[in-house]
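Shared between the two complexes below is chain A, which has chain B as its partner in the first and chain C in the second.
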Partner chain A sequence: MMQRVKRYFRPEQLRELSLVFLILLIFLFFGTQIEGYFSPRTFNRVTSDVAIIAVVAMGETLVLLTRNFDLSVGSIVGLTAFFTGKLLTFNPDLLPVGALLFAIGLGAALGTLNGVLVAYGKVPSLIVTLGTLAIYRSILVAFPAGTKNVVTQDLPQWLLDLGGMQLFSIGEFDIKPVVAVGLVMLVIFQLVTSYTRFGRRLYAIGSNPEAARVGGLPSQRIVLFAFILCGAMAGLAGFMFLVRYGNLTPAAAQGMELQGIAAAVVGGVSTLGGVGTMIGAMLGALMINLLQQSLLRWLVISTFWVGALLGLMILISVTIDAVIINRLRNIWTQQGLEINPVDETKVVNEKESHDA
Partner chain B sequence: MMRRLERLKSWEGFLLAILILIVVFNIFTTPHYLQIQNQINLFQLHIEKIIIVVIMTFIIINAEIDLSVASVMGLAGCVMAYLFEQGVPFGWCLLAGLMTGVLAGLINGFMVAYVGLTSLIVTLAALIGFRGLAHVLLENRSVGNFPDWFDRLGQQPLIGPFPLAMIVFFVFLIIALIILQWSGAGRHVYIIGNNRQVARYSGVNVRRVKMTLYVVSGTVAAIAGLLLAARLGSMRGDTALGTELEVITMVVLGGVSIFGGTGTLFGVLLAILIILNLRNGMGLLNITGEIQTGVIGVLLILSVLGPNIWRGVRDAWNRRQRIQRMHVGEE
Partner chain C sequence: MASVEAKAPVLQIRHISKRFDTTQALDDVSLDLFPGEIHALMGENGAGKSTLIKIMTGVYHSDEGEMLLDGRPIRVNNSVDAQVYGLAAIYQEPMVYPDLNVAENIFISHRSQGVIVNWRKMYQEAEKILAELDVNLDVRMPARGLTLAAQQTIEIAKAISLDVRVLIMDEPTASLSAHEVEQLFKLTRSLRDQGVSILFISHRMDEVFEIADRVTVFRDGRWISTLPRGEITHERAIRDMVGREIEDFFAKRVGQRGEQLIAVRGLNKENVFSDINFEVYGGEVLGFAGLVGSRRTDVGLALFGVEPADSGEIILKGKAEKIHSPEQALRVGIAYMTEDRRQIGLTMPMSITSNISLPMLHQYLSRFGLIQRQAEEATAEHYRDRLSIRTPSIQQPVAMLSGGNQQKVMLSKWLNTRPQVLILDEPTRGIDVGAKAEVHHIINELAAQGLGIILISSDMPEILAMSDRILVMREGRQMGIFTRQDATQEIVLTAAMGQDRSPLETA
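And then the complex of A and B:
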């Protein structure tokens, strides 16, 4: 019985399950604290924000899986949101698909720069993206186009409608286009990382870059591709950001890279590469955002605690990963060995012949 | 060994050449660039950063990183300002600010050295968390009106033309130079950065060295935060936001490998001078702060990319030479 459970559950899944449990606990706790918390309004507000962060976090996960880092996603989200807004301000007749493709393409281009520098320039990703974090933001600030801010009045009507539109409703629970995009991305990327060759290679590179290289994987190309996808996802998130908020300043989405990384890490994606799932990243985003939104409405402690709690949450989840999950994984491996024991006589013989 | 020495020397020579170029440019664009007051202002405007650069050099040589320095600066200043606002005697406020830094360093150090987590993620969490705490304390207020002597200490010369912060910087620099380049403890920092396992098997107490470095880093960041409060005359929750970018840029530009084990304080000192003069020059050309930050970002990437490309070209050249020699041998 225990063996069967162990064969079908892995420590990562146990972790995700406990995260679901924690999210439910948070939800129930604030339900008792805030009047009218269990309402469709809470659901609608939380889901729209989670969708944006989750898309960023999933892109970030692709990069984290390869044992790299992308600190520039916040600037990419801000830059694509701002420039797409400006583009639509000056060309109101542009097709919605055109604007969406522009945002994704711009994000992908910025991601490509990161990826080329990391994969082919051999510059550590921390250095590259710390640099591009500043560079992309300063491009945005330096952009000379009359008024600095993007305001809703200048944006075409379809974009504003998109933000308030409901794809379909279950009772009063609305599924907005932004949320639908987030869910579609979750399904796509969970499948890509679990079942495609590209996805498995991400894990291989992150688990052991040297072995992946010696094993003949085109590591550089795959890392580059991970960064491009991460940038494209950030671009998509930028478009969603524009749809959701409409009014943008050059400081838009500042610090979102930290939320994205926090979501991924809380969701069980390892910064040492090779461990983590898209569902985990999404759950992390959900937990962080639920906490943020709930604290906004909880009057007992000030909203300013959000940042401090975020830091604490990252620290706790990384510690749990290092101390508990790794130990569990070792137990799992050992049990696996007991089912298919290594031929010890052979090992001893080899050792003796080696000594001789 | 000789080759590594030679390469380092050439990187420092390269930095020196760039520095001279920038200084010459500055001299020709502004008449009073060379005046002592301008030279002191040059340092004074970024003095807190370069104080932290000194200890960050140790940490990066040790193959770790501390992304939380800017947040610790802000938090230490905010703790001081918050207590001052509550009417606590000012001496205690300063002490509390300083202890905040020590505590922050202890937390980081414990997580990195004893729990064994990656410094990148620990200090990233600290960056978010400590900044969050600073916002909890001051919310969106700005607290100022510190005692006169404190403001004076931050803004006016103390000995000769030098303000307190500059004296602190030079004292730190000299102590750091002695420890890092000429003492056993300094060798330990390099050995750990080169190969942690070898260091451990050779009897170096890796954990204690790392712990010490983080505690010192937190303390120095707190001192820098208090000096910043004195210079600005007020504190906000977001004071010193994003300083870590420039601190790390200066260290990496100075020839310290981000993977640890190599680099010297002399190179870092040259990098500090380069960035300060570059900022001064850009300021003279009316380039705004945000764009200056972008230029610093470009510099950060180039300072690692440049040597990489140079090494690639050199290796390719050497390979070609070898192949040609082989062909000559065949004939």
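And then the complex of A and C:
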């Protein structure tokens, strides 16, 4: 019985379950604290923000799985949102699909630069993306065309409509296009990571880069591709950001890299590579955002503490990973090989030795 | 395998040379590998075995010479090429992906696998391969936490699934217990019988003689001899390897038992080991024998405070001490030299000097809290002379040293803590014959100086020859302590494998 449980159920999944549990707990707690908390408005507001961060976090997860970091995603989101906004300001007749592809393509291009430097230039990803974090943001700030800000008046009507549109509603709970995109991405990338060769190789590379090299995996190409996808996802998030907010300053989405990484880490993605799921990253995003927004509405503590709380959550979840998950893992993976069942007596003997 | 020569060789290595800066790693080496033979390659570290493997698997490129597969020249530029040609290697430390499960580990490198992973099919095929190998291993189990033997089995399964033609096994048995070695040999023989050509590299002479059909010896990058098993003797092989006869391969030593340094009473750690009792006297070597999984290392780790025991007494010179941390263990005079020099034993990129002074840095600080380089270097020079560490400079990063010299650096590091009890965990694992003899000599000398030494080793001849008494463990239990006079290979192995036998001496 225990063997069966151990076989199909792993400690990592426990983490996702406990996240769901925690999210419910947070939700219920603030329900008792904030008036009108259990309302469709809370739902609608949280889901839109979560969708954007979750898309960033999922892209980030691809990179984290390979034992790399992408710190530039916040700048990529800001840059693509801003440039897509400007593009639409000057070309109001551009097809929506064109604008979307522009955002994704621009993000992918920026991700490619990161990936080439990391995979082929062999520069540590932390350094590369710290550099591009600053560079991408500077390009945005230095952008000379017209007024600095993107404002809703200049944007085409379809874009503004997209922000307010309800794809479908369940009672008063609306599913907006932004949320739908987030969910579709979740499904796609969960499948990519668990059911494609590329996905499994991401885990392999992060799990043991040396073995990947010796084993003939095209590591450089896979890492590059992870960065390109991460950039493309950030580009998509940039488009979603533009749809959601409309008014953008050059500081748009600043700091979103931290939220994205935090969401992934809280969701159980290991910064040491090889461990983590898309569902985890999404749950992490949900938990962080729910907590943030609820705290902002909770008048008991100052809003200044929201940031500190985010930091605390990262620390707690990393600690949980180090202590609890590892301990569970040890319980799970004690022994494994019985070449010809000679060792069958082992369990019995161990038991005996306790009693002795 | 007398008929081996009649077949055509599967892989021919022709006049291969490789130079690194000033070192001629390989000098005009030729070797034929036939299908269905186990070909042992022997030589001291630095003989060129690793370089040859790396050239065969595309990690290095030869300066001169060529390789022929089925008589046709091939170019192996990288590990992908090697895979395509059916050349695979497994190493002492298996190269698995700890976060992937067994089946994934087997198939991850497969080019033929589609873009979409069919989990069910993959599990089925993995199970089929493992069943053919007569191995019972859960294919859904992540590789993390599996025994080294299990991980190696994964690598063999992987090679088989890739239709391997030449399988290079580089020190595959170094970390395995006797029982696991036997199983590995069974696998190896069955691969041979299926027509795979196996290049088997090992420092363990007995194993080579047990399994090899032919034996090739390299020395200093040159080919020295290739002989069928029937024509080669231990003495001949050693002579070819070192170019001279080693007389006292295992120097006999008469122990002078001094005062009791450490006594251990009823040491327990839940789920790990239980009721361990022994004492070590000055000038004595207490051997810890047992198969892998016998938890010898865990007892060592408990004594050193890395993984403290749950209960029991550790008495140092008559005074009971609770050891919670390595710092405390060092304070009371216990040092532990780990078996794993690459991961935790040494800081590879740091210099010999810095590695040696690391645990005792507080003694090298000036009044202002700065490290006194000269004092540090004096210590390093001292040990370089004393243990004859062969290096151009004590500032050399330890990563650049050979295994034997790394071992000596690690030994220096712990000797410098001035221990009374020194625990040596597999001190000669993976180092060459010459360096091994040197380490043995050092151990004897240390004991003669009054140290109490606990020698954990999987090398049976070593433990029999070096120890005054031998404590045998099996799966966390102490099976008995045997004196040097009483201990034979059979007695120790019988105890280690669990047939109950009344211990001749229990402490």
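The criterion applied here is as follows: the second predicted complex is superposed on the first by the 334 of 356 C-alpha atoms of A that agree within 3 Å, B and C clash if a C-alpha of one lies under 4 Å from a C-alpha of the other, contacts with A are read in each partner's own complex, and residues count from 1 in each chain.
The definition used in the following text is that contacts are C-beta pairs under 8 Å (C-beta built on N, C-alpha and C of every residue); 3 or more make two chains touch, one makes a residue touch a chain.
It should be emphasised that the depicted structure is a prediction, and the values quoted were computed from it without experimental measurement.
In the superposition on chain A, A:142 makes contact with chain B only, while chain C stays out of contact range. Once the two complexes are laid over each other on the shared chain, residue contacts for A:195 go to chain C alone; chain B is not touched. Of the two partner chains, chain C is the only one touched by A:275; chain B is not.
Once chain A of one complex is fitted onto chain A of the other, the partner contacts of A:213 are limited to chain C, with no touch recorded for chain B. In the superposition on chain A, A:203 makes contact with chain C only, while chain B stays out of contact range. Once both structures are placed on chain A, no chain A residue is touched by chain B and, in the other complex, by chain C. On chain C, the positions that touch chain A within their shared complex are 57, 59, 78-80, 82-83, 89, 95-100, 104, 108-109, 113-117, 119, 134-138, 140-142, 144-147, 149-150, 153, 179-180, 183, 270-271, 273-275, 474-477, 498.
Of all the residues in chain A, the ones that touch chain C in their complex are 7-8, 10, 194-201, 203-204, 206-208, 210-218, 274-275, 329-330, 332-342, 345-346, 349-350, 353-354, 356. The touching residues of chain B, when paired with chain A in their complex, are 65, 111, 115-118, 120-122, 124-133, 135-136, 139, 237, 242, 245, 248-249, 252, 258-259, 288, 290-291, 293-298, 300-301, 304-305, 308-309.
Every residue of chain A that touches chain B in the complex is listed here, in rising order: 69, 117, 121-124, 126-128, 130-135, 137-139, 141-142, 258, 261-262, 265, 271-272, 302, 304-312, 314-315, 318-319, 322-323.
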